[in-house]
Every structure is written in structure tokens, then in C-alpha cells.
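Each structure below is given as C-alpha cells.
Each of the next two complexes has chain A plus one more chain, namely chain B in the first and chain C in the second.
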Partner chain A sequence: MISRRTLLGTAGLAAAAVPPARAHAAEMPGVTDKSIKIGNTNPHSGPASAYGAIANAEAAFFKMVNDQGGIGGRMIEYISRDDAYSPPKTVEQTRRLVEQDGVAFILNGLGTACQTAVRPYMNARKVPQLFVATGADKWGDPAHFPWTMGWQPSYRTEAAIYGKYVLRERPQAKIGVLYQNDDFGKDYLIGLKDGLGDAYAKMVVKEVSYETTDPTIDSQAVSLQAAGADTLVTAATPKWAAQMIRKVADLNWKPLHFISNVSLSVGSVIRPAGVEKAVGVITAAYGKDNTDPQWANDRGMAQWRAFMAKYMPGADINDANHVYAYGVATTLVQVLKQCGNDLSRGNIMKQAASLKDLEIPTLLPGIRVTTSATNFHPIRAMQLQRWNGKAWELFGAVIAV
Partner chain B sequence: MSGRRPTRLLSAAVVLAGAAVLLAPAFLLSGFHLFQLTMMAVYAVAILGLSLVTGYTGQVSLGHGAFYAVGAYASAILMTDFAWPYWTTLPVAGAMCAAFGFAVGFPALRLTGHYLALVTFALAVAVPQILRAHFAEGWSGGVQGLVIVGPEAPAGLPLSPDQWTYLFTVAVAAVLFALARNLLAGRMRYAMVAIRDQPLAAEAAGIDLARVKTRAFALSAGCTGIAGALGAIAVQFVAPDSFSVQLSIALFVGLVVGGAASLPGAVLGAAFVQFVPNLSELVNKNAPGVVYGVLLVATLFLMPHGVAGALRGAVTSRRGRSNR
Partner chain C sequence: MVGLLHQTLSGLATGGVYASLALALVMVHRSTHHLNFAQGEMATFSTYIALMLIQAGLPYWVAFALTVVIAFALGVAVERLLMQRMARASPLAVVGVVIGLLLLFNGLSGWLFGFTIKQFPSPFEGNGGGGAFGGMVSDHEVGMTAVTIAVLIAMSLFFRMTKLGLAMRAAALNPESSRLLGIRVGATLAAGWGVAAGLGAIAGMMVAPIVFLDPNMMAGVLLYAFAGALLGGIDNPAGAVAGGFAVGVIENLGGAYLVGTELKLTLALVIIATVLVVRPAGLFGHVTVRRV
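Up next, the complex of A and B:
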């Protein structure tokens, strides 16, 4: 006979057992015992569609992860949606991913304006917005946006590294700064102040700006030279960086010349400026350059090349976006591994903020990924490299800020 | 007398049914789908504005994205820098864009056809650059744009922000469509259409070309500007990248696909603008542009007078057949 007490007891046990199970499912949206759903927005169409390569490489990477058994037995389901680099479309596609597709989080959404548009939504909904694909500094602001994190070194970090190097190697330098008059350029000014500290006021002899509507920067170059600068920081996008390199050479001015990392392209900056005129120009890097022969026998890049050969046959092996995507996806895999069985959004964010000295095969030796509850800038170190007339040549130690 | 009452009853029934159809989604669809429908309503208003000047008056504008952007920024700046409630920004956005459109209407007096199309296109190219420019940055937020706090339902109404934004947008759109319908029921329509079809004859018949054209431009820009403001409120963000040349092209495509001189056409065109890119992405993720292009060409080939034109044709031919 089943007594009343056992019946009640069983019912009580059942009642006690059911809610946690239900809560478990509700607390881990986008996650089942067999899968983890990840969303992404990228411009697959429109003028910026070259960046679509990043999403394609990430999709291929997760296919590789799944072929190797997934993460903790869970297969990764990666959904990338096209936002055509248009913020209204990013809002729509992000909402589709979160509300319709039911993803656990968004990975590596691209574009400063696009990601700014969805940041309030992601934080209000408490959905992780991980490893945002832009160099702006604002993505590492855990006090105001605890659900948003960047990945690559920000422009500000880069400029701080230039400042630190100059302070150490040339404490008597007179620095001239050319910067693009927008948030991109101004991040460099802030970073230089970080790196130089109190010496900024003394060492920086002149700051001049240009507008992207200016036909040339010739007058800016002349005024910086006239101010007596012997060190030059050019915080400029490719077209202007190329002009500046050429003008500096034409003026027969030989400053120690730093150009922003966004303008390191040989094809669109160095060659238009003149490979000889650019000799001695310095920039900073954090990743290995896939076109550089010095990494031909590198173990990390060999991993990357094997991945490209097997999972992206026919894709452009010279496209740096594929290397970038590999680095981001590798970082994410570590985050998910650290999560163990608790793939709740809260824990995903917590683990993303608990990365310790993570080595990534595509990053320069000595540059590691580290985050904490107060540090949402995963990569804060770079190494300087100098143009030698043929290639970028790394020199000195890795500089961290 | 007896003939009129059923007509009046009928039209009342049509209005009620229409209102029910517009209201229903707010309670049937999820937040994300409501957002899509909200954006479709926004584009419908924008294309309605474009149809006044291009569809009815025959003045081709490839630059209505510029008016949309000005309306969006007017609303966003008033809301963020001056803390105006969202709904009060609509008339200001509309009035500003109407003034802007009136000014643009003047070159339209001298330029026709493809020359005017190019001048307006230049406007669409220039506006995002101006928004990015240094002198505007204090207001416009520069490249980073402005984040807006979205509307909440008035106290006491048990509606989510998505539901409320949808209802608010659709209500404004309905009012603007009703106003446009009234405008196009009167003399203005004949003047506009006459200018489009036979400008010389129109002038000979005593129509003041300058007046009608500039007014059409002002009304059109005002309408599209209000759409921009509604769009900014729905998206809760504005940035120069939101209003690229692509937007102007998309509005023009919507106009032509829907049916250039047709009010239902504006709604159908908005549906095309909002949903066909998603559809193309569904078909092929790596070449959505190609799929979109094929769909566009197919639509124009099969329905040269737009979707509205094709529907009208289908209805009249069926009527003709049943009369026989």
C-alpha cells in the first residue's frame, strides 16, 4: 500500500526536483546538451563586404571544432547574419539572432557604429556581446557595459605603446602629432597621453588635425616640421598615411615616424608612398602577418595554414581577415572550455573576463590574452616593427600597457 | 439616399477592418517581428514622401535618404541634447525637412530628368559626410552617432516598448497616408500629374509650375523626414553609416517596385525594402546582392508598373471578364 505520507513525500520530491530542471533550461538560453548556438553580424553585402571573410572563417573554424568532437560534447551552431554595415540592419539582425534564433550570445559583431547601436539592447537583455570587431577603445567599459567586450588592442592602447617607447628611448624627443579629426584620431591623442604621462605637455610640440575631406595634408606636414618636431606620430587612415610618408621624404625631414597600425598595408600605403621613401617608418603589430616569410616555419601559423587548406580550400590565403578570425575563434573556444557545464550567459561573461595568459597561435610570440573583472581589453601588448624597404621587420621587446 | 447609406457603411467597415489588421500584429507577434513591421511602416512613410515628388509629379529624386537622415538627426538631437519627448520631435523633423525640401525644389525648376536625379543623388552622397564633419560633431555625435532612449508606453497601458513603438509608428503612418489621400483627391493631384505627363500643356493651362513643384518637394521631404524621425525612434540610434547612399537607392527601388504613383504601392514597396534583403540572405549567404538583383529584375520584368500596378491590372481584367 502506498501511504499518504509516501505519496506526499514523492510528490514533494518531484516538485522539488522539477523546478531546478526547468530553471536550468531557462538559465542557459541557446544551449542544449548537444549544442551551443552562437550569433554574429557581419557585412556580407554592401561596400564593406570584404569583412564577410571573417564570418566565413569563423564558420569554418567551428566546423573544425565540431569535427573534433565539439566542446564538452556540444556542437557549435554558428549563425552569421548580414547587416550590410548599416546600424538599423544590425539592430534588426541582432534582435533576430537573440529573439528568433535564440543564440546564447553574439560573437565578434563588426563595425564601431553598428555595434554601438546594439550595445544598449545587449546590456539591457544581459546577452554577452563578446569580442566586438572594432578598434575603438570604448568596448572595454565593464562599469557601464558589463556584457560587452572587445578583442584587439584599441587605438588608444597602440598610441600608449608609442608613447611608452618614445619616453624610454628618446626622453628628449620633440613630438609632432598628425591626427584624423574624429574619434579614431582622438583615441590616439588620449593613448599618447596615457603613454607619456606628465611628459606629454613638455614633449609634444605640436598637434595638428586633418579632415577626411581635406585634399592634402601638405600644410600640416610643413607646420609640424616648422615646430621643430624630431618625432612624428601619424594617426591616419591609409590614404593620409601614404601622403604623409611621401611628404616627409619630399621635405627631406627625417623624424622618427610612427604610423597607425590600420595603415600598415603594403599595397595601399607603402607602395603608393614609395617603398624607398617609407624606409624607417615604424608601426605596431599584435598578430603574425600571413604574407611575411619569417613565419613560414612557425608552428602557430602552420596550424592556421593546415586549417585553411582543409576547411577553407580556395579562399584567399593572403587575406589577413582569416588570421584575425582564427585568433578570435580560438579565444572563444577557451572561454567555452572554462565554462564547463555552466553555459549560462552570466558564466560565459564571467569566464570571458577570467582569461589568464592565453596563448593564441596567430598572435606574436609573447603577446597573450588576459582579462579580468575590471579589464575588458583582452590584448594590451604590441611589438614595434620597422619598414626596411622590403618588409616589416619586428624589433625590440613586446611592449605592454 | 438609399444608395449612399450602404456605401457609407461599407467604407466604415473597411476602415474598421483596416484598423483591426494594423492593430492585430501588436498582440500576435513577437518583439522582433514587431520591430520588422515597425521598420516597414517607417519605410512606407518614406516611400510615400518620395512618391509625391517622383511618382506623381515626375521629378526624379535619388536623394531622399538625405531628407530621411535630416529627419532622423533632428529627432535624435532634440531627444538627447534637449530632452524633448520623442513624439514632440516629429513635427519639428517634418517642418525642417519640408523647408530643406522647399530649398531643393528650386534647382528642380531648372533641371529635369536625369540632371535632377544626379543633383539629388549628390545630396544623398553629401549628407552622411556633413554629419561626420567636425563642425557638426558637437550635435551629431560624429562617426559614433547618438544613442537614443526608446519610447515606453504611457503609464497605465499594459504594453511592452516594442508593442507601443509599433502602434505609435503605425498610427502616425496611417495619419500621413490619410492626409496624402486627401491631398491627392483634390486639384493638387491634377496639377502634379499634369506636370509629370505634359509640362508644357500644364503651363499653358495656367498651372504655376514653380509653385506646384516646390510645394511637392516640400511636402515630399517633410513626409520622408518624419519617416526618418520615426526610424530613429524605432532603431534607438543614429550614425552617418545608417544613412549611406544605399538608403536613397533602397527607397527608390521600393518606390518603383511598389508602383510609383500609388499609395498602396508605397506600402508594398516598403515590404520589398524591408523583407527582400532577408529573403536573399536566406537563399545564398555569400551573394545576397545577386539574389536581390535577380528578384528585382524579375519583379520589374513581370510587373512593369510595380506590384500595385499589377494588382490593379489583375482586378480590372477580372472585372472586364465577368462583365462579358
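Up next, the complex of A and C:
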């Protein structure tokens, strides 16, 4: 009996073997028995070209995966195209990737405006737009955009974490908010409302915005101080965050100061503002800082360093973009492994939305990747860190929302 | 009440930034009768040169002087190589060329020096002074205002008392007659661009410690500086400086008490439009009457 069944099964497989090979090509675009084609858009030129490092590191990572035998015997073919951080070019390059290069999906396309421009196209064509490289909250909207998913904690998640922390540690706080007057800044207002709940109306004493055309934010700083705020949330990009840190110090105002995670760079924010003036400033982190000596003997970071030494010799190991790319690519490998032999676009999306407590070597201990059919925000926890004059120092427990 | 005072003081400090660039705008208008939209980007570019010189180990004021000289040469070169050819072109063509210059210098700054913000040293900080008015106005802002006023006085004397200054005004106002009087119009126009570029460099070096140095440093400042220059009178240096300070204060008070921070820039544009409609010559400008 057993042998007959086995035989029948084998015969069935054999009979099905020819047509499925064709069906593969139709149902699994970008995938053959030997390869998986993955597309990406990144600014390899222009003002934001520093982010190009992410795509370079991802290419190197997939080379490592291929050297280790690929995924289920399939080699990854990763194509990153330059969009110069310009949405019209993103549209052009994304269409080229999907229609001419015939990729299975797009991974980690970068830039909020750029990725917003291609989101309707990707969803209309039902091509996965996986792990978008921006912190906007809108990437986790499976009800409207089931083919789009973010990766890092959104600005809204981050702000909710600040709100939760303040509510717990300083329930009497008077909060002032400085925010950039666009989607980025407004996500922080929404997140703070998430974190503070009903206390928002009582605790937030003043919200002021700035435009990216404003030469300085001095007037805003004065307004917030005059409103009596003793806690300050600065939802700002580097230039204005640096100005705010300096102005707060110059005013001799000593609020509990949170600055957005996008402005945690020592080189482009803390140092221009003044390392002394920034002492006490708080921000949230989700990944390990590759310049922080506390991870010198960390197992996860040792893996990353080994990868850098072998596959990106000569690249700047102080560049956090390389760590970021390693985390994203590791997550993707898990998704593809979960897919097994069914690498159809539908299943790729389904598996991306079925990650359970995935540990990523470059994320802070206790922060894991989890997704579901209704949760398209893979990372929803962060830990606070304080600038001590020399480095960012993690404190407290991981806060999840 | 304290808030109002603080906003006013902080507005004066920001106004100083606008005033220094407004002054440079007036100078180029006075000596060439052009509005140089690339003024801000040329200033930013010069500021990068200053930073390079300082990082190479030169003392601040030596680097400062050297940068002004280099910027002067740059201004002269732009006039000789480019603007001179546009002498008989229509005003629109001239605008096109200066906007091209704007893009060129902006791109050059980013390409050569990178897009991340850089700290620029101030000669007025670190002397132990904790700023004026309880940190409302920093030492640097006090120093910058002094520099702007010194430049203003120097320029007024230059245009009134020196032969070259008078020649420049004449050449800009009436090239034909000037030529007949023996003024070398081409050379004075080039010198005018040089002086304006030098002033822009000074403004850049004064502004950079406040807003941090990046290729787009002057983009926002330039708009407010235009508003200041037009408010005070595009042909009156003292008026432009006063206009710059006024725009700083109006913007702060308007932003904090009237229209909200979202409409601060709009307020500056409304100022420009209103002045152009009601009093085209500006508050302190000369009203020109032309016989037709």
C-alpha cells in the first residue's frame, strides 16, 4: 500500500512536473529554479547619496547568502537602481525593475516621498513593496495597501514611546513640542497622542511648528519656554535639532529634552550643537550602535563585523547604514526561507506578515521582529538613551507600544 | 509681557542675519542695477572656503580677510566671464543667468564639501560672555550686529567719499554718460560684483555660526533678506539694514502672536508684495522720477 501510494504520488509529481515549470514562470514572476530577482531603488547620486551605502551593503549581504548556497538552492539576484532621491525617478526606475528587469518584488526602497510615489503602482500591480526604508507611519496600512510594508519603528511609534515614558516617570510634566510642519513632524504629534492618551490635552502646553525654509527656530524656542514647558519633544531633522539643542542651552533652560531618532547623529547634530550643550538630551534607539564600545564583544555585532571584513572590505565601518542594511536583509532571508518553494508574490507577502519574535543580530537585546495580517509594523519597540557628553547611554527597559 | 520682550529681542537677533545679507543685496543692486539671486549661494560657497582656510590652521581673522579677497575675485570673475556678456540682454535673460548661477554654486558646494551640516567657528564666542539679555541674544549675535553696522558705515563712506564708489554709482545709473565722462564702466561694474560678493562672504561667515553651514544655508535667509531690503529700500544700505531687523521682529511677533508659526514665511512674502504695491521704493528708498 505504502509503496503504491508513494508510487502514485511520484507519478503525480512527474506528471505535474512539466506544466508547473511553466506555471512557475507565470505565477512566480522573477523566480526560477535557480534564482530570485529582487529590485531596489536608492539614491546613489545627489544630496542624499550617503544612503546609497544601504544598497551597497545589501548587495554584499546577498553575495554572502549566495556564497553559502543561496536560499533553497536559489541564488539571489539583487538589482539596485539610482533614483537620486527624486520621486519622478523612483517611479521610472521602479517600473523599469518590475516591467523590464522582471523582479519578484522591491526591497527596502528608500525615501518617504519616493516610496509614496510608487505605492499605488505597486499595489495596483500586486508587487510586494517590502521593508520600505523610511520611518513614516503610513507603511503599516494593510487594509488599504496590502502589498506595502515598513521595517523600522515609525516616527509615530517612537513618539508614543516618549509619551509613555513621560506619563510614567513625570505625570505632572508640562510638555512643549517643536515639530517640522510636514508628515514627518505630524507623525510625532499623533504618536504623542497615542502614548499620552487622555492626558495629552492636559500635559501638552504648547505645540509649535517650523518650516524647512525657516533660517532659525529661535522664536519657537522662546515661545515654548514662555509657555512654561519643562519637557520638550523636538521632532526635527538634523539642522533644526542641532539649533534647538544649542538654543535650549543658551537660554539656560533645562527641560527634559527628547529629540527625534533621525537626529541622533553625533557628527551632524551633537557635535555642531556642542557636545556639552547636548548633555542630558534623550532619544530612542532600536539597533545597536556600531560605534559604541559596549557592543565590542557582542555576538550579533561580531557577525556583522565579520560580514563587513569579508564582503565590504574598505567600507566605512562607522557608517550606521551598513548595520541597518544587515538587519533588513536578515529579515528578508527569514521571509524567503518561510516561503519554502512557493515564491509567488502572494506568498512572499503572506510570509512577510507572519514573522514571529524574529531575533536580528543588529537589534537591541529584547527588540524582536513580529508581524501579522493586521500588523505591518515589524519593529514596535525601542529603548531610550541619553547623551552623556561622550556617547549615547542606554537606560531603562525596552518600551513597546 | 516678558514673552513679548523675549520675542522682540530674539527677532532682533535673527533680523541681524537678514540685515547682513540684505546689505549685500543692496550693494549689488546699487553698483550694477541687477538683483543677484545667486548672492546667497555665492556667500555660502565663500563660507566653505573660509572653513577650509580655518581648518588648514589659519587664524580666524586672517582666514576672514583672505576669504573676502577670494570672494571679491570670484565676483569679478563672474562679472567678466558671464554678466558682461549679458549687458545688452533683456532683464529676463539676466534673471535666467543668475538663477543658473544659483544652481551652479549650490551644486558645487554640495559636491565639493558634502551635504551634512557643519559647525562654523565664531570669533565672538568663548570669551566668557554668556550672551546678552539672559541668553536671548548670544555673544555672536551681538558681534554680528556690530560687524553689519561697521560694514554699513564703511560702505556708505565708500559710495559717498571715494572716487571709485561714486564712479560705481554713476556707471550703474547711467552707463552711457559715465562712459562719456571717462569712467571705465566695465571695470567698475566688475568691481561692483566683487564688492557685493565680498559683502556676501562676510554675511555668510556671520550667519553660519547661527544656522550651521550647509549648501542650502542661505536659501531661507535670502527670502527674508529680500523682504528686508525691499522694505527698507533696495537702493538704501541703511534702509536695508533697518528693514532686515524689522523683518526679524515682525516675523517673530507675527509668528508668536498673530498668524502662527506656519505662516511666518507667508508674512515675509506679504511684506514684499505690500511694499511693492504701496511704496515701490521702500520706506527709506529714493523715489525715482523718470522723464519719458
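Definition applied: the second predicted complex is superposed on the first by the 378 of 401 C-alpha atoms of A that agree within 3 Å, B and C clash if a C-alpha of one lies under 4 Å from a C-alpha of the other, contacts with A are read in each partner's own complex, and residues count from 1 in each chain.
Going forward, a residue touches a chain if its C-beta (ideal position, glycine included) is under 8 Å from a C-beta of that chain, and two chains touch if they have at least 3 such contacts.
Because the structure is a prediction, the values reported are computed rather than measured.
Partners chain B and chain C clash in the overlay (superposition on chain A).
Once the two complexes are laid over each other on the shared chain, residue contacts for A:P365 go to neither chain B nor chain C. With both structures placed on the common chain, the touch criterion links A:N181 to chain B and to chain C. Once the two complexes are overlaid on the shared chain, A:P238 sits against chain C while remaining clear of chain B. Of the two partner chains placed by superposition, only chain B is touched by A:P88; chain C is not. Of the two partner chains placed by superposition, A:G228 touches none, neither chain B nor chain C. Contacts of A:G102 after superposition: neither chain B nor chain C is touched. By the touch criterion defined above, A:D214 lies against chain C but remains apart from chain B after alignment on the C-alpha atoms of chain A. By the touch criterion stated above, A:G73 is placed in contact with neither chain B nor chain C. When the two structures are aligned on the shared chain, A:G389 is found in touch with neither chain B nor chain C. After the shared chain A is superposed, the part of chain B among 94-102, 112-120, 184-192 or 202-210 that runs into chain C is 112-120, by C-alpha clashes.
Once the two complexes are overlaid on chain A, the chain A residues touched by chain B in the first and by chain C in the second are 47, 181, 211-213.
Partner chain C is touched in their complex by these residues of chain A: 47-48, 50, 181, 208-216, 218-220, 222-223, 225-226, 238-239, 242-243, 250-252, 267-269, 271-272. Those residues of chain C that touch chain A in the shared complex are 2-3, 6-7, 10-11, 13-14, 17, 110, 115-119, 131, 134-136, 138, 207, 210-212, 214-215, 219-221, 223-224, 251-252, 255-256, 260-262, 264-265. For chain B in complex with chain A, the touching residues are 30-33, 35-36, 39, 129, 132-134, 137, 142-145, 147, 231, 235-242, 244, 246-247, 277, 281, 285-286, 288-289, 292.
Taken in their complex, chain A has these residues touching chain B: 44-47, 52, 56, 80-82, 84-89, 91-92, 95-96, 98-100, 111-114, 116-117, 119-121, 136, 181-184, 211-213.
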